[in-house]
Structures are given as C-alpha cells and as structure tokens.
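Same chain, two partners: chain A is paired with chain B first, then with chain C.
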Partner chain A sequence: MKKDLILNKNYLSYWLRQLRKEMQLIGPMRGFKGDFVFKSIGQIHEISLDCPASAPLPKEFVFPHVEEMFEKVFSEQEIKDLQNNDKRIIFGIRPCDMSAINLIDRFYSSKFESSYDLAHPNRKSEDSYYMARRRNTVFISIGCNNPDPTCFCNSVGTGPFLESGFDVQLTDLGDRYFVQTGSKAGKTITNSYRYLFEEAQRQDYDDQYEIMLSALTKFEKRINLEETRQKILAGKVRDSFWEWVSTRCFECGGCVYECPVCTCFNIVERTETDKSPRPPLRAMAFTKGGQGGIKGKRIRIWDTCFFKGFTRMAGGNIPAEKKVMRTKRWWFHKLLYYPEQFKRFGCVGCGRCTITCPGRIDIATISQKIKVEIK
Partner chain B sequence: MEKVPTICPYCGCGCGLYLHVDKGIICGVSPSRNHPVSKGSLCVKGWNCYEFIQHPDRLTKPLIRINSKEHTTSKKNPPLPPFSKGGRGGINSSLVTHNSSLFREASWDEALSYIAKKLTKIKNTSGPDSIGVLSSAKCTNEENYLMMKFARAVLGTNNIDHCARLCHSSTLGGLASTFGSGAMTNSISEIADARVIFVIGSNTTEQHPMIGMHMLDAVNRGAILMVADPRRNMIAELAHIHLKHKSGTDVALLNSIMNVIINEGLVDIAFIKRRTENFDEFEKVISKYSPDIGEAITGVSADDIRKVARMYAAETRSMLFFSMGITQHITGVDNVRACANLAMLTAHVGHAMTGLNPLRGQNNVQGSCDMGAIPEVYSGYQNVKDASARKKFEAAWGVSLPKKSGLTLIEMLNASRRNKLKAMYIMGENPVISDPDVKHTIEALKKLNFLIVQDIFMTETAKFAHVVLPAASFAEKEGTFTNTERRVQKIRKAIEPAGKAMPDWQIICELSKKMGYNMDYKAPYEVMEEIALLTPSYRGILHHRLDDGYGLQWPCTDVNHPGTQFLHRKKFARGLGSFIPVHYLPPDEQPDEKYPFILTTGRSYFQYHTGTMTRRTTTLEREQPECTVEINAEDAEQFGIKNRAKIKVSTRRGSIEAVADVTDKIIPGTIFIPFHFHEASANVLTNPALDPYAKIPEYKVCAAKVERIHEERPYIK
Partner chain C sequence: MTGSNNNIYMPFKAVIEEAIDMGCNVKFFKVIPIPPHPPLSKGGRGGFIDYIPGQFFMVSQWGAGEAPISVTSTRGLQRHIEFAIKKVGAVTTVLHKLKKSDTIWLRGPYGNGFNADAAKKRDVVFIAGGIGIVPLRSLINFIQMHKKQYGKIFLLYGAKNPSEILFKEDLKAWNKKGIEITLTVDVKDESWKGNTGVVTGHLDRVKTDFKNACSYICGPDIMIEKTMKELTSRGMPDRQIITTLEARMKCGIGKCGQCYHGIEYICTNGPVYTYEEIKKRRVYGP
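Take a look at the complex of A and B:
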C-alpha cells in the first residue's frame, strides 16, 4: 500500500527531461488548430495533457502503419533484419490505450493462449517485430479526470483509471500527480529519480479516490457490450440488421486504423530497382531473382478486415465477398471471438470509431441501436 | 516522429490530414480531428495516401530521349533499360509502337537548356500558337498560376488547358451564363443541416466520401436524400428515392421535374421576379416536358418525377449536387443549365443550405481553373479578350499578351494530328489514359516535334516525351490547394524531394529564366502575393492568413475579409440570374443493333484517375487490381456471361478485354467501366464527341457491344 508516490507538478518536466536523455520521448502535442497529435516531444513545456482523452492514437509506436521487416540484396546471401530497437518512452497515454496495448501484447506475445491450434496446444508464438518495439517502450499513462463525450471505457472496465497493467500511471490531483508503478520498467524510471518523488500520504489516497469517483460521474455514454453480445449469441440480431449496417459502411478502414486493439496487417515485398516497373505484389515470396531488381524489402502495413481483398484466396475466391459479411465479421470478432479467446472484449471504449466512422456505424452507436431496437 | 498537417492529394473534398515523418521517411497518415471537411475521418485513399510518395518508381532525375544517332555514340551516360516491360509498364503494347526508344539521365541545367532551345526555336519558326501547355489539377495554385504565366508571358500563347476540360468545363460554361460564377455555391459544412439533398450524376459516397459523410449526417437528422443515377451505387442505396434514368437523358429528367414544379405552383415567384430574367421563354420550353414525356425519354416513372419535384421544391433547405454524370456529355453545358434553372426556379440559391453544388473531382481542380489554366481566361476568370484585364496583366508581367483565346485540351491534340501544333509541355497529366479515344491521343502525341512531360512517375504519356522532368509530390513542397467548396488551404512540406526532383513552380521558374524571362520567386508565398494582386477573388488570400486556420473560401476580397461561405447572396455574380431554356438532345451515339449497350465510364472507389498514385499503393491496388465491367445480370445471362468471366467490350473506336462484374446495381442495357487501367483502358472505347460550348468529351455515353471470351484464365493476374 505504501508503494505509491507523489510527484510535484513542478518536477514533471525535469523528470521527463532526464528520461529523454536515455530514450526517445513521445507525447501528446498540439497539432494544427486545436488538433492534438502524438509525436516526438521537442519542447517539454509544450506537452498538452489537456488534450481530449481519445485524441491521439499511440498504437503506431508499437505497431506502425508501415513496418520494415527485413531487406535482402539479391546478389548477396545475407538477409538484413530491420527490426526496430529504439528505446522509447511514451508519455500521456490513456488507460484505454494502455489496456489495448496489453491486449495486443497477449495477441502477439508468447502469452498468447492458443485454443484454436489444437495440434500444438503448447506452441509459443511471438511476433518478434512487435515484441522488439514493445520491450523497448515504457509507457507513462495518465488517468482521465475528464472523459470525452464519446468515451465509454468505464463500461468495458478499461478506465478511466487502471488497477494494473501499466508501467507508470499518473493521476492528476490538481497541484501534484499521484504516481503508481505497475511494472519493472516503471519502477526503474521512478526509482532512478526517487529524489523527485515523495511517498503518498493518506490525504493523497483520499484525493485520488475522490477524483476517480468524480471522473466516473462524467461519462455521457452508457454502453453495455455484454448485452449486445448476448443478443447476438441468442440470434436476435438478424442478418437484415447487419445488411442495414453494411449499406452505411464506406469501406474506409478508419475504424480499424484508429482502433487501439486492431492488429490486422498485410505483408508485401518491395523491390528497389533502377527504375524497372514494380513486379506484382505476391505475399510471402520474393520475386524470382528480383526481376531486374537489386534489392528487396519485406514490409508489413496496416490492413483492414473490411476490405474484400483481405481474405482473397490464391484462386481469386473471396470468402466474405459481400459487405455485410465483412461488417459482421468485424463485429463478431470484437464482441464474440475476443471474449472467447482472451476473456475480454475487443473494444476498450476509447470512442475513436465514433469520431472517425463516416457512416456512423461505430461500436457505440450500433450497440446502442441493438439495445434499443432489438428486443 | 514528426506529424505535418497538410491536405489530401486525391479528390476535391480537401480533407485535412497529418503526414507522419520519421527520419525523413513518410510512415503514415492520420486524420485531422477538427478539420471542417473531414472531421476526424478519411476515406480509404486518404488513409493510404502516404505510400506512393517515396515509391521506388519515382522519377528522380531529368531524362532526355536518346535519338538513334546519339544512342550509338553516347558512352558517358549509358542508356537506362526500357521502361515498359510486362503488364505494368505500358498501355496496350500494340498501340505503342515507338516505345522502344530509350532515355538517358541528364542534369537539370542540360535538360532545361535543351528545352529552352527547342521551344524557342519552335516558337520562332512556327509561331507561339504552335505550342500547347497542359497544366495540372494535381499541382498547387501557385504552380498553376506560374504555368499559366509561362504559357502566356513566356511562350506568348493562350494554348493552356488542363483536365478540368474533361470534368467540369461544362459547369464553368453553364454556370457562367446563368449565375456568373462556375463554382460550388455553398459549403460542405452546411450539408448536415439541409432538409432535402438531391444528387444527380454523382457517386458521392465513393468519389467524395467525406461529402457523402455530411450527407449521411443530414439523413440521420431527418433529411430526404434523392439520387438520380443509372447505377445503384452506395449513395443510391442510402437514398429515399432513386431515379434510374438512362445515361444522357438528364435534360429531359430535369425539365420534366421543373414542369411539375411550374404546373403545381411550387415556384418562387418573388425570387424569379426580383433576381432572374428570361423566365417566360424558359417556361414555354418547359411546358413541353410533361412528366409522361419525361418518363418516355428517361425511363423514370412519372410518379417518381412528381415526387422528386414536390420534395425538392417544397423545402427551403434543399441542396442540389451534381458531378460527372451531368457534365461529361455532349449536352454537358445544357445539363448544367438545367440544374441551374431548377435551383433558380425554387429560389434554392443565395442562402445557406441550398445551392447548386458541382463536386470537383481533384484536389486542386477548382484552384487551377481559378488560376486561369484555361485558354479563355486569366486568373479569377478575367477574360483574355477583355482589353482592360489584358492590360493589367501586361503591365504586371511586362510583356504584351496574345489577344486570341487559345486551344482547349482536345483541340490541341486534334491540332497536333493536323500538324498545326508542334510542341507540348504537359505538367502532371496523363492524357494517354484520361482522354477519350486513346488511339487518337497517342497518334497526336507521336506527331509532336517536341513533348515535355513533367511528372512524379513515368506515366504512359511520359513514354512519348522527348524530355521528362521529375517533379516533387504534394508532400515535398509548399503551396495551396483550393477544394470544391472554394476553400484555399495550405499544404506543407514534410520531406525533401525524391532524388533531384524539384517542385513544379521551381522548374517553371528556372525554365523561363533560361528562355529569357526572369521569373524570380523566393517561395510560393511570393507567387501567392502576385496572384492576390492580380485576382480580385483571391485578393485577401495570403499564405500567412492560411497558416492559422483551415483556409479561406474565395471570394476573399481584402486582407481582412473572412471568406465567403456561400455565393450569390442578394445578387447573382452576373447581376440577374438567367433562365436559359434547354432542349433534350440525345447522346452523340445511340445503341443500335451492332452496338446494343450504352457504355458509361467513371471512377471506382479504390483507384484514382490514371492510377499513377493509387496503383502504386498496396492496399488500393489489392482491392481493385483489374478492370471490371459492371453488367446487369439479365444482360449477362442473355450473352452467356458469368461473373468474373473475361469479356471483350468493343465500340466503334476499339476494344478492350476486362473482367465481367455481373450485378444488379446497373440498369439493363447499360455497362460501366472504370477508366484507371492502362492494360484495359476504358478510353480506348469512349467517344471523343465534344460539347459545342465547353468542348468536354462525352465520356458517359457511347454505344458498345460485349462478347464473351472463351478462354481459361486465372482469377488474379
């Protein structure tokens, strides 16, 4: 109980400045005109912790849009691994995103409990590219005193404050931060600068509890994903409903790109040549001898299960040809398969899809619709 | 990692996005949350717009064609391998016969001196009007302005045009004579509050997805959505009423809608009396188009025509949207005039949440029109025949300017075929894929004595060039784009140009210096200052004003002007709005026994225009890797065509092979082909018949036949 710390707000920038000497510091900054973005921090005093809870998406620092995997010069034997081992500290991430990263960890790491791979029940699978980034990243998360109108993390148990699963979690108590450490990496970065922190007193715990209660009262959305799940499982949500949902889908992929939990990617090869036309993309195989190429690179880029080509087979057959099937697949993955596999929803209630979906068929809206319209 | 705010390079929506830059590499995109158009969303193209920027295919050095003599002697600069090999290299190899020639790399100095020498020689021997210039709707306002200045002041010709000729020239022509201004009258942010939205000839949700998003928001708030389109595309599926009229019958449809409005007394008489003219003559024509006649011509039931008329007229907040489905006809100008008549008849123009809204298809096609990259006007639509305007430009540029209006895009190609045009300078356009009747286009380009192509990739057009200049992409330069709602927005440099590529404005400046005209600008903001000086509607638009906001909507007449949300308030730009009666004329080519189908062309959601950018983007290319022909299931059955079977589509101009997409989304008797694919170029088929006023080709209608090809083929190439 006595492990938690207090950080005077005046000391924060000093602490971050020291940390930046050891690793890249990334945090929420003002973007263009009222936007906020997560990027490398130039001036520490410009960090914007007043940004809306759901504004930036820090997923890309552990799972980037485009990740270079390895490279081969065709004339040489050696394959050069392009795994990214930069040390990063990500400051100001929100509890929902932290929970999402914990979920992605389970998906990509050896902790992944494979219930599907019956032939190899104990097989350990690990995505080395993700894990390399993940192991080199420390997160300092900050609890949400003021959730956005689109947030519903309280409904899925991923916020506004976390009990565990963080490296360092800060709670804004007005003039000071209540600091909790939840991992070895978190302890290292606080213990090295222990002189900046004080031990939390009774009053601090009381204040923190009060802040948490007040944050909980500020949620505008009440989303019950479990109820939606039950309705889907009971077969009450008919195909005609999904048909309606899918007619409004723009196939932009925004919900997946913006989702802190989604992990779809596509693997492609790029041949760098002296200007010869690019050979057609073929997954998982270098083009023969490079076809005039001199160097090839395997990369992976974000992908979306909403796209037809996502599951196109070698013969050209597309299992989920109709848009409604693809829409349903995403929903079922989030609400049925995730709970089955990980005992958690594939949604952390960050509300980003509510903002980004041009068709307004995001998780919150549709859950609400199912709740109200389907008895 | 840095995140640079900029504007999407694809359609005319002008969405705000951030380019993610890490160590000089563009590694992602995220939407801008507060941007008035995109509001935190992007379409699939926007989300993937980062990938082509640093593609290995980018042109990085100037290239000069090696003629056969030089070929054998040049040892210093060994020739590069030919560009076109295999499927991805070039347009139907049968069409391209002199594609085997080679290019060699050159320095900027050499390439520009060579161009200057050649152009000067052609100008001196054959006259300035033997040179044609194509500007680009993909480039910034500053670059278009400089290109226009280059053509007029340096070359001394008004032969400058760009692809707006192929998309919205009929809008400019049609609206100039009715309203006095050819731009979208209202703003995107108003859409969500409209009560009736009438979309005609626009696949909004796929081609302007973020505008589609605003329309959907309006529908969510209770607005009525009406769509007129021969295809049941996504917006039509969401519509309350979908009119499936035959391609090319828009005038008949609109006239019969107006007939109902007049007969049922739904017109706004006060508006017509105060703000318009020529109503009586117009009424006489309209009286001939009863809904029953409309039904007979268009195939839309008279009842539906009445419903649409009543709904559109009865609400005060009715917005009318149109796009290529209206403009790309030989009656394009007439179609646009009919739309304008409809808006004026019901007073749906001149206030918020109404208006006539042409949706522009390219990021800066509005801007390049505004900048005067069209033969008949200078920037701000100041006519070249107007002596006072000409005098103003002559004074500012210090040269005397040609008095005669120049050639339009298609006319330039025709002139080249007749040996009237000797040289062309094409910036950021790919007419081999985008212009109608590819065979003729290629023939025209081959006849040129000298062709300069300035682009970011080796396009199908560049393969015919004598000099290819590498340009910088949107992420590698500063400047402004004007989106469809007249919003001038700033783009920002995120990375250095690829290799030795230079921003287009710099190339033009350097070239004109070599040709003896000193264009000296430090940066695009200096160009913008000159634009503001000479262009009344841009007078208040300066870079420093754009830095701290989401741009300004022209007309913006002085430095304190906040921009204009909607046009024609209190008064039309030309004074009184003019009713110009239009008659229904059938398309140039009608289906007959030999060619029984109506072929209509357009874009698909995942590809963009000639594919130079999208076909180099992994996700987009995967989603739509090949040309598909939409054909109605009934027709398919009749011709024994199965879904995904390979078919041959032919017209009087040529034929292509593509894959059938058997669907019920298109009406029987009509087929649809997207035009992005060089290996199956829809423009091999299209009819180059032109609208008499706007010279826009009829892309939307031609007669075609479909045959099954009996051949085994793998599904995916």
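Take a look at the complex of A and C:
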C-alpha cells in the first residue's frame, strides 16, 4: 500500500519540463478555434487540464491516421524502412483511451490465429509499426473526476479510474495529485524525479477514495452492452431493426475515425517526382526504373468498415455491398467478435460516437433503444 | 536490410526467371527469391522458402502496390515459386509489365493452405472455375506426387471459352498420369468439341462414391456456392468439401481488417475453409 505517491500541483510543470528534455511531450491543448487536440507541447503552460474527457483522440500517436511505411528511390535497389522510433511521453490520456490502447496492444501483438498454418505453426505477426511506437511511448493518464454526459466507461469497466494497465495514473485531489505507477516505464519516470514526490499518507488514500466514489455518482449514462450482446446472440435483434439503423447512417465514417479501439487500415502507394513535391495518389503507369516518379512511398491510412470500398475486390465485387451489412459488421465486431477473441467489448465507453454520429445511431443510443424496445 | 529485420511488412526481392503470357490476360511468372529472405522455417532447406499449396504471397512492385497472389507451383517439384496473375486492375496491370530478369517483391507465404491430409485414402475431386485452377494446380501436383496415399483423382475444370483454359500442358501431363479430367466451357467456338455448360452440370462424369471422396473447389463465389450445395446433395460430408475464398486484403497477416468476416480473418484463418467451417462462421452473418 505504501508505494503510491503524492505530487504537489506546483511541481507538475517542473516534472513535465524535465521529462520533455528526455523525450517528446504530448498533451491536450486548445487549438486555434477553441477545440482540443493532443499535440507536441512547446510551452508547458499550453497544456489544458480542463480539457473534456472525451474530446481529443491520442490514438494518433501510436496508430497515426497516415503512417509512412517504406520509401524507395526507384533507381536504387534497396528500400528504406520508415518505422518511427521516437521516444514520446503522452500526458493527460484518459482511462478509457488507455484501456483502448491496451486492447489494441493485444490485437496488434497477437500471433497468427490460424486454425492451421501447416507450414509455420508459430509464426509471429506483431504489427511492427504500431509496436515500435508503442514500446517507445510512456503514458501519464488522468482519472476522470468529472465524466462527460456522454461517457459510460463505468458500464464497461474501463474507467473512470484504472486499477491496472497504465504507466502512471494521476488522480486530482484538488491541491495535489495522487500518483500510481503501474509499469516499469512508469516507475522510471517517477523514480528519476523522486525528490518531487512524497509518499502517500492515509489521508491521501481516503481522499482518493472519496473522489472516486463521487465521480461514479456523476455518470448520466448506464449502458449495458452485455444485455445488448445477449439479445443479438439470441437472435432477438432482427434484420429489420438493423435495416432501420442503417437507413440513418450517412456513411461518414466518423464513428470509426473517432473510436479509440478501431484499428482497420488500407495500404496505398504514392510516388513523388522532381516537379511535384505533392505526390499524386498511386502512379498507375509505373514500371521498372521509375517512369512514374523518382521516389515512392508505401503508406498506410485509417480505413472504415462503413465505407463501401472497404471490401471491394478486383472486378468491382463488393462482399458487403448493402449498407445494412456494413452496419451489422461494425456492431458485431464490437459486441460479438471482440468479446469472443479478447473477452472484452470493442468499445471502451468513451462516448465519442455519441458526439460524432449525425444519424444518432451511436453505440450508446442504439444499445439503449434495444434495451427498451426489444424484449 | 531487405528481409533481415523484424518488420513484418518488409518484402524481399525475387528475380523473374521466366514471364510468359498465357493468353486471356493471364501472365505466368517463375521467380527465384534472393536471400536473405524470411522465413526459412523448419522445412525451408537449401535457402528455399517453404510453402504449401493454397498459401499466397503479397506480390508487389514499388510505386504500384501489393496484391495477394496464390502460389501455383509445388515445393519439391519446382525449384521456383510460380504465380499466374490475371490483369484486372492497378497493381496487376503493372505486374504484367514485368519481364525476365526484372525484380519483383514478395512477402509471405501467408494463409493456412490446403489440408491435403483430409483427402488421404480417399478419391479426390478437384473442381476449378476460371482462374481458380491457379491455386489448385499446386495441390493437384502435390497429391499427384504422393498419389500412393490417395485414391482416384478427378479434375473438373470449367472456363468461359476454350481460349481461357489455362495450363494446357499440365492438363496433358496430368491426363497421362491417370487423372480423369473433364473440361467444360460456357461458350464454345468452332474448335471446341467438348462439353459446354457450368461445372456442376458435369458432376455425373465423376465416377466416385461422393460420401467417401474429398473435394477441393476454387473459382468465383457463385460457382463455389453452387458446387458445394451440389456435392452435399450427392452425400459428401461438409468436412470433406474444401474451398479457398477470396477477400480484399492489404496486409495478409490479420491486421488491416479488410478481409474480416465474422470472427474470421480470411488471410490468416483462411483462405482455405471446409464447408463445415463456412457454415459455422456464417452463424454471425456479415
């Protein structure tokens, strides 16, 4: 019990300033138009501690929207691996997002789940780009004393405070932070500046407990995803219901782009010429020697199962052609397949899709509808 | 650096030893990988890459992109890795421009591959539609090589028209070796004296006890579906009906999500499935 620490709020910026000397510091800050973003921090005072829980998405730093994979100068034989190994510290990530990253870790580091790959039974298949970034990133997460009205992490067990799965977790106790370390990396960044921290006392533990209880009472949403899952499994949610849901979908992809759990991507190729530094998307008429350009990049980019092209094959055959199939795919992936594969929902209750979805068919709203309308 | 690091997306180089136009927009490639290349697993002797029939490689050309392409060669029979690639779009068009001694990039082998053991001691019925002969060729040769362990071998192969029948040399060789071949085309021309119509219409020519035989199917989706149903109605158990499915895939290793169907990643759990498995995973729908 004695291992937790206390950090006086006055020391926070000093601590972060020191850490920034060792690695890139990322934190939430206000953008030009007043919205919040996670960004590389230049001045410590730019960090917005009042940022709402579910506003920006820090997933970008371990799984960027666009990741450059390889570069090749066409006249040369070798290729350059563009894997990013920068050391980063991400300050202010919320427990739901931290839980999502823990889930992505399991997915991207998982072995071939092959029923029988006869030639290579134990081949590793770790996603190199994600894991390289992940191994070089330390997270300082902050528990949520004041959850947003859209949050329902407490219903899925991913917040508002974490018991494990964090590097460092801070709890705001008013004038000081309650500091827990949950990993080797977390211990390193606190132990190196141990003189800034005090040992937590009985009173601190009591205060932290109080804060936690009070946070739990502030949730406005109670979403029972397990009940929804059971109803789907029992076949109670009929296709006509999914049809209705899908008619409200604009296929904007917002729910996937904003979701801290989604991991799907596309791989495309770009070529650069002397004249156009802005590369055209994929050179069609390229052959050996680089007629289409002098340099090419293979990049990967977020993709969305709500887009029709997501499953498009050669000859234009689209397996998930109907919108309802894509709607179901999203729901089934999050509520049926994730639990089967990882014993967890593919949703951490961050509520972002509730904020984003213009059709109001986000996971919370529809789950609630299923609860009320489908017996 | 190529192939020597841990980046699973890193392709390795291969040299094209032969590139032959097979007609009807299909080009045949014989390639030799240049070491170092991963993975040389337990069977990968003598610097050769180990793979089994039904597996595929991500084949690429820089500037164009990657495409999943099945092996059509059989390890132990051919020294090279062989592909037959149909020109259908952006990547395959660029691949078609490659000639002898050009470099081609590969990643793999991926996928589960055909379980040839399922057919041991049984009659084997291969059913191919169009380009579907490509992955089956690898398995036909494999089973032919070990034919003592199997019963009679049949091949039922349908193409759109006579000129789209691929691997005519192989067909002759197989015929000589005792494989019973039935060819059929959708549209005949003057030269064609043989069968017409879809493959399922010619199953009567396969003189076997369907309950005990094992079947490997590859072709367009509709053909696969029809054939599986037809075989079922002839009493073949679901477990002995084996097919290989196609899906859009970008990574080949269960990460990009594009081939995700139900709980299955077709690239890693598949692309080869028994009818039994297909029915089971369809429980979930999309």
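By our rule, the second predicted complex is superposed on the first by the 338 of 375 C-alpha atoms of A that agree within 3 Å, B and C clash if a C-alpha of one lies under 4 Å from a C-alpha of the other, contacts with A are read in each partner's own complex, and residues count from 1 in each chain.
As a working rule, contacts are C-beta pairs under 8 Å (C-beta built on N, C-alpha and C of every residue); 3 or more make two chains touch, one makes a residue touch a chain.
This is a predicted model, so every value here is computed, not measured.
J.: Using the superposition on chain A described above, determine whether A:R312 touches chain B (first), chain C (second), both, or neither.
T.: After superposition on chain A, A:R312 lies in contact with both partners, chain B and chain C.
J.: Which partner chains sit in contact with A:R17 here, chain B, chain C, both or neither? Use first/second/both/neither.
T.: A:R17 sits against neither chain B nor chain C.
J.: Could you tell me if A:T271 is touching chain B, chain C, both of them or neither one (first, second, both, neither)?
T.: Both partners.
J.: First (chain B), second (chain C), both or neither: which does A:F74 touch?
T.: second
J.: With the two complexes superposed on chain A, say which partner A:R326 touches: chain B (first), chain C (second), both, or neither.
T.: Second partner only.
J.: Scan A:S125 for contacts with chain B and chain C and give back first, second, both or neither.
T.: Once the two structures are laid over each other on A, A:S125 reaches chain C alone.
J.: Touching A:D303 in the superposition: chain B (first), chain C (second), both, neither?
T.: both
J.: So, does A:Q341 touch the first partner chain B, the second partner chain C, both, or neither?
T.: In the superposed model, A:Q341 contacts chain C only, not chain B.
J.: Kindly list the residues of chain A that each of chain B and chain C touches, one partner per complex.
T.: 266, 268, 271, 292, 303, 312, 314-315, 317
J.: Under the touch definition given earlier, write down the residues of chain A that touch chain C in their complex.
T.: Residues 69-70, 72, 74, 77-81, 83, 107-108, 110, 112-120, 123-129, 263-269, 271, 282-288, 290, 292-293, 296, 298, 300, 303, 305, 310-315, 317, 319-320, 325-326, 328-329, 332-333, 336-337, 340-341.
J.: For the complex, give me every residue of chain C touching chain A.
T.: 1-2, 5-11, 13, 39, 41, 43, 50-52, 55, 61-66, 88-90, 92-94, 97-98, 102-103, 109, 111-113, 115, 221, 246-248, 250-251, 253-263, 265, 268-269, 277, 284-286
J.: What residues on chain B touch chain A, complex-wise?
T.: Residue positions touching the partner: 1-3, 5, 16, 18, 20, 27-34, 39-44, 46-47, 50-51, 55-57, 80-81, 83-89, 205, 209-210, 212-213, 216-217, 220, 234, 237-238, 458, 548-550, 605, 616, 618-619, 621-623, 644, 714-717.
J.: In their complex, what parts of chain A are in touch with chain B?
T.: Residues of chain A touching chain B: 26, 31-40, 55, 57, 60-61, 64-66, 247-248, 250-254, 257, 266, 268, 270-281, 292, 301, 303-304, 307-309, 312, 314-317, 355-360.
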